[in-house]
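First the structure, which I've put down as structure tokens, then a few questions once you've had a look.
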Amino acid sequence: MHEDRLRELRGEIDVINLQILELLTQRAQVVSAIGLVQQTLGTSFYDPEREAEMLTRLQQANEGPFSNETISALFNQIFRASLALEEEEALAKILVQRHYPDERTVIAMADGTEVGAGDFTVISGPCAIESAEQVDEVAGALAARGVRFLRGMGWKPRTSPYDFQGLGMEGLRIARQVANRHNMFIVSEVMDKSLISEMSEYVDVFWVGARNMSNTFLLKALGQVRQPVILKRSFGANIQEFLYAAEYIVSNGNPNVILMERGIRTFETRTRNTLDLSAVALLKLETHLPVVADISHSAGRRDIAIPLARATKAVGADGVMFECHPNPPVAMSDAKQQLSIPEMHALLDEIMDEQRVLA
Amino acid sequence: MHEDRLRELRGEIDVINLQILELLTQRAQVVSAIGLVQQTLGTSFYDPEREAEMLTRLQQANEGPFSNETISALFNQIFRASLALEEEEALAKILVQRHYPDERTVIAMADGTEVGAGDFTVISGPCAIESAEQVDEVAGALAARGVRFLRGMGWKPRTSPYDFQGLGMEGLRIARQVANRHNMFIVSEVMDKSLISEMSEYVDVFWVGARNMSNTFLLKALGQVRQPVILKRSFGANIQEFLYAAEYIVSNGNPNVILMERGIRTFETRTRNTLDLSAVALLKLETHLPVVADISHSAGRRDIAIPLARATKAVGADGVMFECHPNPPVAMSDAKQQLSIPEMHALLDEIMDEQRVLA
Amino acid sequence: MHEDRLRELRGEIDVINLQILELLTQRAQVVSAIGLVQQTLGTSFYDPEREAEMLTRLQQANEGPFSNETISALFNQIFRASLALEEEEALAKILVQRHYPDERTVIAMADGTEVGAGDFTVISGPCAIESAEQVDEVAGALAARGVRFLRGMGWKPRTSPYDFQGLGMEGLRIARQVANRHNMFIVSEVMDKSLISEMSEYVDVFWVGARNMSNTFLLKALGQVRQPVILKRSFGANIQEFLYAAEYIVSNGNPNVILMERGIRTFETRTRNTLDLSAVALLKLETHLPVVADISHSAGRRDIAIPLARATKAVGADGVMFECHPNPPVAMSDAKQQLSIPEMHALLDEIMDEQRVLA
Amino acid sequence: MHEDRLRELRGEIDVINLQILELLTQRAQVVSAIGLVQQTLGTSFYDPEREAEMLTRLQQANEGPFSNETISALFNQIFRASLALEEEEALAKILVQRHYPDERTVIAMADGTEVGAGDFTVISGPCAIESAEQVDEVAGALAARGVRFLRGMGWKPRTSPYDFQGLGMEGLRIARQVANRHNMFIVSEVMDKSLISEMSEYVDVFWVGARNMSNTFLLKALGQVRQPVILKRSFGANIQEFLYAAEYIVSNGNPNVILMERGIRTFETRTRNTLDLSAVALLKLETHLPVVADISHSAGRRDIAIPLARATKAVGADGVMFECHPNPPVAMSDAKQQLSIPEMHALLDEIMDEQRVLA
């Protein structure tokens, strides 16, 4: 009986919903007519005084049960939607959103190498470029395993201004030579938009670090380069903010964005951050962009790198990033989390398809 | 002429706005009726399947000019407002909710001492009872300052089973004698409902620790005692869960509950937890129960005890709890955060009213 | 010549390095002896006052060229390493700690079914027992897939005292009959130690909920039952607290504990909690107990259940728990996250070994 | 007796500590000699091969109880300290650190107005500049109360690229005129270093938003301006990172930095962020820079603004920031948290000294 009553009441709601929709549609038509008049008059679409006046009228008429604050919030939403209509904001459709189940952005490199097409991509290399020998040793070992994307960081964001900040352009030149020798792509962090132009000569894939995820001036500038961009999730950002950060790049003209989950800040201290593989699963539902996971900075320790790499692949990520150094204990940064070359081999043994290993 | 047309169109908008308001009000009434049925059925107010069904229906009916995305966004806002209304109504029925601005529960002790009536209450004492001498020294010093509520913990919840677990009933007997000598009330943690009956002979105020905030069997049992209960917020609980935990006690018959904020778990490591004084401010808005703050376990360090005590008072709390030990460095637990007796005096100097200090 | 001088100086450095190492080793032995005394005294290893005293002494003795800040930093590192050693030694003595790489506790059920021996265990069933029909439908479907562990919750911890609290013993009797019919084991939450004795007749595996993880009176009582215990991590607890909670059970006599990761509380709101698979990987390194993951309460949504189940298996967990309901939208609790029976089949298809599926 | 043994063992530790100090000093002298040789040879101070060689030697000699990893970590610290010495990094003393109890940086504006000198500073204004009328109305009301610092944001960091991004330089020109009319200082957010030069003509105090706290290129550039800088704590940053971000500015030449706490991200959802007043108390201990709190973005709601402002003052902050708008419900951003003008008056009544109110 209660169920019957519930069904009946829900029917009433459905009717009211459609009546509201009908009124919203009527309203939009009047707003559209107003827009035409305003264009003739040369006045702005946005008119806060007028909105305040409408809200005041609604609040005077409101007899509950919604509070005046709630009514204001609801009508503000309606005002915003109307404003968007007026301004013909076709862009308001978020470009990074997946629109049908198998929609996917495949990043294609110059030689046809693809990210996001189904194969599991490995990105690796040392935390920072320290010397040509160091990068060459790691790059050679990775290339021999078929890894194509080499971390080649000239600039490192560091907490302290007195920590090693990277070799800068000199580092990039080293990385480029090494990458060319081993037929690899250079992935490199860009920390400010003023660096983009000079870096563009050396870098195959730009990398936006977690600390710059909300640097919208940088993101907009990266919307105008031809290289793909790896965008890291800030350790303090939620999934929605992460998607909108990508939207800043894509809506400015560069569709080739790879999302990188890298752990969020939580109260747990045994890992540096908490790798959020649920976010990877959700992102694969919500966006067509490729999604990879950084298992080095999230864990901050190498002893669980292999299980995390397996889990990253199993959860449906398009790839994994881990740091690899010829001699981790003497690394100038991130010593605790970089894998040695033998550890890298052990990890790849577990996540690479047999065919690839044989090939 | 354009201006006339604009005025006319705006008049139409005003009419439509009021019609939408009328429908929203009708809708809210039906939603309210649904809420009642759901409460009877014991089902959750939030029903994503039902929302999806409504949205699908609206999108099928929508013929523009708003996109389906915009319509979904607008109705989602309406759903959220309705849900908030249902939850507000459910909350309005909970006993701990404040129903008018100055509603307050005043806890009256046997001799007329009150908590929550306007005076700022101080609760203090050592983390755990270690010996009669230790408690007596602290209690004497506190009593001399007019402090009436003495921490007298016989049982201590400890992370490790091998850590000092308290002196148990023996500790309580010590605390009772000391409290009697100094005319103080004993506040003591009850860790399991099986202890309530025996503890009742010694204890003036029961204390539920953060780790037991959701131990509903304990909470329900404390609904049946005559003593007031201090309920600590779990470091992992949000404000709503905290209020509902209090409701378990109050709805089982004991209206005398004091809420204690004690910091929540966050990524910050310089303090043991993050004292949430915004929660104190919000709780003072939302509930008529007295609210106090524990500045010892939240900070986990004594060097900021004085500013935190001042802020606790300024934010509108009804009192403060801090630990005090005759010799903190040798305390058997919480050594870093307990105040010495001179530090206690310095703190009280800053938060006690002059009249009281003179008295 | 300069090169000779360099070699010579480097030789001196090598000698000094080894002398420092020798002193660090001596120091560690004294620290270890102090640790034993402190354990006897029941005091904490970490003693900031003592550290401050040592630093002051060193700074008074320091005559350069290192600044006092640098000396403090170096010795702080030594203090931290020593503290870690003390804690490591204390931890090495806790029973749940893994002492050699392949040490494992295998839970053996009456009929020889094992958890933690290498096979991937599935635990499933509805959130709460609502009726015999409901449980029977789910149990039958699970049993047909070879699932042996059935959730059969008589009591449900609920945030609000007005929410459905479970059918109690009546629910357990239903669950027992259904489990017997399908040759399954009943896994059931125990919310208070006063229930253990009566529940023992019906329950094959006790379950301690996240909210009771630190209810040490309950944990100690479960150290005295013959059934295995599934211990859930509190959403507010770190890994160390989780291990020590297990230690409460094991040190009181019951070695058969299964750890269940279920997500921790973070700022991300798109999932109910953040599933911490790094914790699963770390727990597999640090303890010999079986570790499983609850992918229903962590995510709070069913649309990512399959990838999370795959990742749970890949990260090395001994099993997975998910909720399954014949009609999730009408479930009396957790409607959003329970899988329907067809969804359960789809999930098992992805994580069960082929042989098992054929068998 | 145990206490005696403890004292004795601690004496041994003290002796060993001093021996280690002695060896470190000797080592530093040899390192210094090596530095001279290297300067003659023109080789780099940093020599990873040599470090690896030393570590290998130490690991071979190490017989426990420290693991080789711990020994590597300890010696890495020693290597780093030595390297710093070699490079004569006098800068390694953190400039923002307080060196004696009452050390304080006082920010002096052109007309002698001071921040950090003891008076409680109020910074207020609308979230974003929307029109000259809007800013003028708020500025006039604030100026009449003696408030001197006006928020005048031309650029707003927004989550979505489709949200209102501010009026840019046009907004700043408006703000400047209004500020001049009311004899106020303009505080304005700088989102990229490329804007600094143009903004410098209009802005009295630069503001670095939470999302840019780790934008080290921006921070370094702000080290070279003459205006003071307000640096907001990122909602994902801990206190140490916050201090080092300030150090980026100060070490690049601008000593006039004001730290602004604005809430951190936690699991609590009733407030937008969790205002961390313990951080304010700690910062006042650890740095000589002025510290203020933003009570608008932290709470995200105006109904607790007054108690939070009182608590901010009581905890020892040098000032408070809150948003104020002539008509909050129609604000283009942050509608829920901006105070109306009457609310602003009510707040100031509670935190301004009586003399000031009378004056």
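Brief remarks follow.
Per-chain numbering from 1; labels A, B, C and D assigned in written order.
Rule of thumb we're sticking to: a residue touches a chain if its C-beta (ideal position, glycine included) is under 8 Å from a C-beta of that chain, and two chains touch if they have at least 3 such contacts.
What you are looking at is a predicted structure, and each value in this text was computed from that prediction instead of being measured.
Among the remaining chains, D is positioned farthest from chain C, on the basis of C-alpha centroids. More inter-chain C-beta contacts link the pair C-D than the other of B-D and C-D. Centroids built from CA atoms put chain D at 27 Å from chain A.
A straight line joining the Cα centres of chain C and chain D is 37 Å long.
Rounded to whole angstrom units, the spacing between the C-alpha centres of chain B and chain D is 31. In chain D, 73, 84, 92, 236, 240, 265-267, 269 are the positions where the chain touches two or more neighbouring chains simultaneously.
Residues of chain C that touch chain D in their complex: 2-3, 5-6, 9-10, 12-14, 16-21, 23-34, 37-38, 40-41, 50, 54, 57-58, 61-67, 69-71, 73-75, 77-78, 81, 84-85, 265-267, 269. Every residue of chain D that touches chain B in the complex is listed here, in rising order: 236, 238-240, 264-271, 274-282, 284-285, 298-299, 303-304, 307-308, 310-316. Chain A meets chain D in the complex at residues 46, 48, 51-52, 55, 69, 72-73, 76, 89, 91-92, 130-131, 134, 157-162, 191-194, 211-212, 214-218, 220, 234-237, 240-241, 244, 247-248, 251-252, 265, 327, 329-330, 332, 335-336.
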